[in-house]
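Labels run A, B, C, D and E following the written order; every chain starts at residue 1.
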Amino acid sequence: MHDGLQRQAVPQAAAAPRAATGIWPLELHDVSFAAGGKALTDRLSLRLRPGTRTVVMGPNGAGKSLLLRLIAGLIQPTGGTITLGGRPADAAARRRIALVFQRPVVLRRSVAANLRHALAVYGVPRGERARRIDALLALGQLEALAGRPARVLSGGEQQRLSLVRALAAEPELLLLDEPTASLDPQATAAIEALIGQAAAAGVKIVLVTHDRGQAQRLADEVLFLHRGALAEHSSADAFFNKPSSAAAQAYLEGRLLL
Amino acid sequence: MHDGLQRQAVPQAAAAPRAATGIWPLELHDVSFAAGGKALTDRLSLRLRPGTRTVVMGPNGAGKSLLLRLIAGLIQPTGGTITLGGRPADAAARRRIALVFQRPVVLRRSVAANLRHALAVYGVPRGERARRIDALLALGQLEALAGRPARVLSGGEQQRLSLVRALAAEPELLLLDEPTASLDPQATAAIEALIGQAAAAGVKIVLVTHDRGQAQRLADEVLFLHRGALAEHSSADAFFNKPSSAAAQAYLEGRLLL
Amino acid sequence: EEKFIIVQSTTSTQNAGLYDHLLPIYHEKTGVEVRVVAVGTGQAIKNAQNCDGDVLFVHAKPAEEKFVAEGYGVTRADVMYNDFVIVGPAADPAGVAGSKDVSGALERIKQAEAPFASRGDDSGTHKAELALWQASGIDPTADSGGWYRETGSGMGATLNSAVGMGAYALTDRASWIAFGNKGSFGIAVEGDQRLFNQYGVILVSPENCPNVKAELGQQFIDWLLSDAGQSAIADFKQHGQQLFFPNAKTS
Amino acid sequence: MQDFGAAFGQAFALILSGDADLLEIIGLSLRVTFSAVALACLVGLPLGAALAVGRFPGRMAAVTVVNALMGLPPVVVGLGVYLMLSSAGPLGVLQLLYTPSAMIIAQAILVAPIITALTRQVVEDLHGEYDELLRAMGARRLATIATLLWDARYSLMTTALAGLGRALGEVGAIIIVGGNINHVTRVMTTTIALETSKGNLSLALGLGIILVGLALLVNGLVMGLRSSAARLAYA
Amino acid sequence: MQDFGAAFGQAFALILSGDADLLEIIGLSLRVTFSAVALACLVGLPLGAALAVGRFPGRMAAVTVVNALMGLPPVVVGLGVYLMLSSAGPLGVLQLLYTPSAMIIAQAILVAPIITALTRQVVEDLHGEYDELLRAMGARRLATIATLLWDARYSLMTTALAGLGRALGEVGAIIIVGGNINHVTRVMTTTIALETSKGNLSLALGLGIILVGLALLVNGLVMGLRSSAARLAYA
């Protein structure tokens, strides 16, 4: 990675000045989500604060991605409430949250145009965009692919594009859904470093992963979901050394069926 | 996993009787693929035979997915030729190859209807389909989701659906593009077991993965791609113990940039 | 299976409502259904030439005679007449209202360059109009697009246009009486004997068109020309006025 | 403006009167329109899908032609069908001229390119997503087309509705081949044209309002069916 | 069949003659059609996209109405515009009746629902893919609509072509508001209608063939532009 560019592009001070009217703490009160006649998320209550890196784990279909989409305001709870800084979410608050989807969604445009579009949506002045695009391309190791249609990118390339696009929002809360699932070891390490830097700069990280190693490297605390419910919410140390729930224990040993 | 059902559903003898008019060896002769004015795959030559499990590795954008799509006949080489059993591929030969995409594609139908559709396409008689669907659902641990629209499935669930759908084809060659990237540890282990069984039953496996552990567990031989070229083609032992190319070495150490 | 014939007709008789009056009487009497296709005169004749009708019922005598002469029709018979009138806006920009002299009126319209809406569609009415201009020594088509506006449409559409743009227009009296969108318009010129409008009926030649239902067609024609048919025509009234005047030779 | 008021008045009066002639005319309008659209769908859906899926030389040309045929002028279609069906024409022996069948044929010809062109677009969009999967599965051409048409069925409904709209309001073609014969081939649009030429503008407009109401009804039904089907779907 | 032969003969003879009247008529046809479609796109594209993106009560009803309006009968539109623009009507002072402007207005009204309804469908399909991304990015309504319209532009071309086809072949509305006045508001379709009513069927058909040729030309140009744009795209 190009360290010079990184420092420039990673969101930093952004979080601090805006904190006054802030989104913290972000709280879920008994949040449920039902669809197709099924309760998919079951009365989740939790409180997120900046300064810690939260890793979400749990078997396939446990509701991890749903949780991130609930937090980002993309789906509305069918029960319970979500508050940001004590108030229900509004558009302004939501704009401080960025989400990297598990399955990258990219526009039918070139890589650079995808970034340009995002910067425009984020309100970056026209004159600054070219510079920011270059920085973001470098950050995602996508310089050589700037002109390529984003939809023909390889899986890993698309995932990197999605990640730097989210960083361009300079969010206070960065929701990452298995962001390194398709990445090679080098890119995984680079992205992990980037996440670490962002967190250090004050960005709250909530990351979903199935990779135990990654979780251990990045987590300050772990949320363990099982069948839509919060089976465990503990510090990383506690979780990996002696998980209190049977489900978490079975999961870590690779024998938990949802 | 339900072992009883597994034994029933995993393709087995399929490979043997058809081998007479077979697709083996499957050979790439100087195969290149260019798009958007770039050479993305660079004169690949290799020969695939049943009986070994081939793992394909390489950094993001190295051309692993392109290689699988070339083998499956989804894209045509812009240079070189691909032969199956010494002849250019025809529709019949292609129908013996199944591909699980890196990014699952599912029809806008229920999980069961996706499987029913695949069985119909594969020519399974109408009367047998219901039974086969049940077996496949069990195989993918998807029984509880049979009636759910496939497109709302979680990432891991979709990946499992794609995999069992491909198994339904009872292929002689199974191309797997990072099939466990979104799977939880239990599902990963189950799928690896399934792959092992299929291989034991005579199905040729070609699997792309970034997961070194998985590669070591499953590989008999490793293809290492770098910038579209075949940087290394060696036995698993040789590859993981002392990779001959500098690229492979750097990749394994997590410091290879494409 | 009901017996029916197809009559190719101009629009004026249909628009005036004549068939709604006549056909039920005829059907009652004979059980034969008369299906009327009302189109432009030229199209009616062309359709009849193509054998797509059993009877032709139009008002363009020269064209009708040509139709018979060329062997497409059996014989032509006069059925009825009415007359043409020039209608115009109440404002009467050319000052022709009340005149009985068509030529004088047309001259004044040209002098005043008052808008005049012409059918411009080679229909019987259009041909009559052109003949009137010619008799007045005027070539209005030189000013086409100016005050002389060829609408290239049927009678009703032309009247709608005339009313819409405050233009004079030549129309047959029946169409005018039955017309529902008169606005401020009224009859400006009438009563000149050159405004005579004769309707004729022809059986399509079964020699030329084997599919023609000659018997049924002739039966309808015979009825039209009979006393019963002629008085049925005379009985047809709209707004209390008789629209067509029977003048079959036999009656 | 009083004309518009009068038109609504006429429309209501007509509806309330339950006039038998009006009902007959509405019935024939619906029959002709639905038959024509059904015919056009029968041809246009598979054809459009085939154009979307096919990779043959001249495909671009074929697509262009189909797109251009959306601009077929009704009067020209009417004339063409007339010349075919006329007693003097090659299909004259069928004696279809001035019958509802002739109207159905003319409208189907008019609507088929619309269905085909729009289907091509809708299916092509979905095909972008399904193409590699279906090819990897070894699906044959027909299976591919069937899969795409089925999975695009909700989007294709708008296509069919576009065809329906085209047919329902059309007059130029059917008046030539139908002849607007009272009690035989008279439909809503030809009646409207006739009343317009009689200068009965508010009656014509009133009939137009009823026709638009009819279109609303049909569309409402289709949308209703669609959303209940969507709810029950994923079979 | 000889009529068809004659029609082609007429078409060629007309084209070769380079008849000034014909050129005038063709020119006006194209001017009216393109203006109407441009107007309809100006309204229909954003409106359709808004309907696709919006989540407001009554959205289904609005979609149904727009779909139904695809069935607006041309004659009714013509009448409505006629009554608005006639000297006795509310917009009579504008003196637009029997001018090309009136024809453009009528056609735009006819074409706008088609553009809107088809745009709604196309954009909705794409929105299914982009929705969550754009919402996660905090894109405002207008930005969302702009993004979707831009990324769907190739599919929307078929929509615009459908509108173009509708306008190019239309006669019922424009003959009422334009009056088919020679040298003023006479266009291809009204000329065809006129020649048909004169019984000059092969001339009418010949003109129809020229019109279809025109449609082919325009469509070919659009498709050509589209594919070269697609090649240069992804800017």
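Rule of thumb we're sticking to: contacts are C-beta pairs under 8 Å (C-beta built on N, C-alpha and C of every residue); 3 or more make two chains touch, one makes a residue touch a chain.
What you see is a predicted model; the values in this text were computed from it and never measured.
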Chain A and chain C share contacts with E
When each step joins two chains that touch, the fewest steps from chain B to chain C total 2
Moving step by step through touching chains, the smallest count that connects chain B to chain D is 1
Of all chain pairs, the one with the highest number of C-beta contacts is D-E
For the copies chain A and chain B, the interface residues, called same if over half of the numbers are used by both and different if under half, are same
Between the Cα centroids of chain B and chain E the separation in whole angstrom comes to 49
Rounded to the nearest Å, the gap separating the Cα centres of chain A and chain B is 29
Whole-angstrom distance, CA centroid of chain C to CA centroid of chain E, is 36
Residues of chain C that touch at least two other chains are 39, 47, 154, 157, 160, 163
Among chain D residues, those touching two or more other chains are 82, 89, 196, 201
Residue ranges of chain A touching at least 2 other chains are 148-149
Which chains touch? The pairs are A-B, A-E, B-D, C-D, C-E, D-E
Contacts from chain D onto chain B in the complex sit at residues 129-130, 132-139, 143, 147, 151, 234-235
Given the complex, residues on chain E that touch chain C span 82, 86-88, 97-98, 175-176, 179-184, 186, 190-191, 193-194, 196-201
Chain B contacts chain D in the complex at 69, 72-74, 91, 94-95, 97-99, 101, 105, 107-110, 113, 117-118, 120-122, 147-149, 169
Note: in the complex, chain A contacts chain B through residues 35-36, 58-61, 64-65, 102-103, 141, 145, 148-149, 152-157, 160, 178, 181-189, 210, 212, 250-258
Touching chain E in the complex, chain D uses residues 1, 3-4, 60, 63-65, 67-76, 78-80, 82-83, 89-90, 113-114, 117-118, 120-122, 124-126, 155, 158-159, 161-162, 164-166, 168-172, 176, 188-189, 192-193, 196, 201, 204-205, 208-209, 211-212, 215-216, 218-220, 222-223, 227
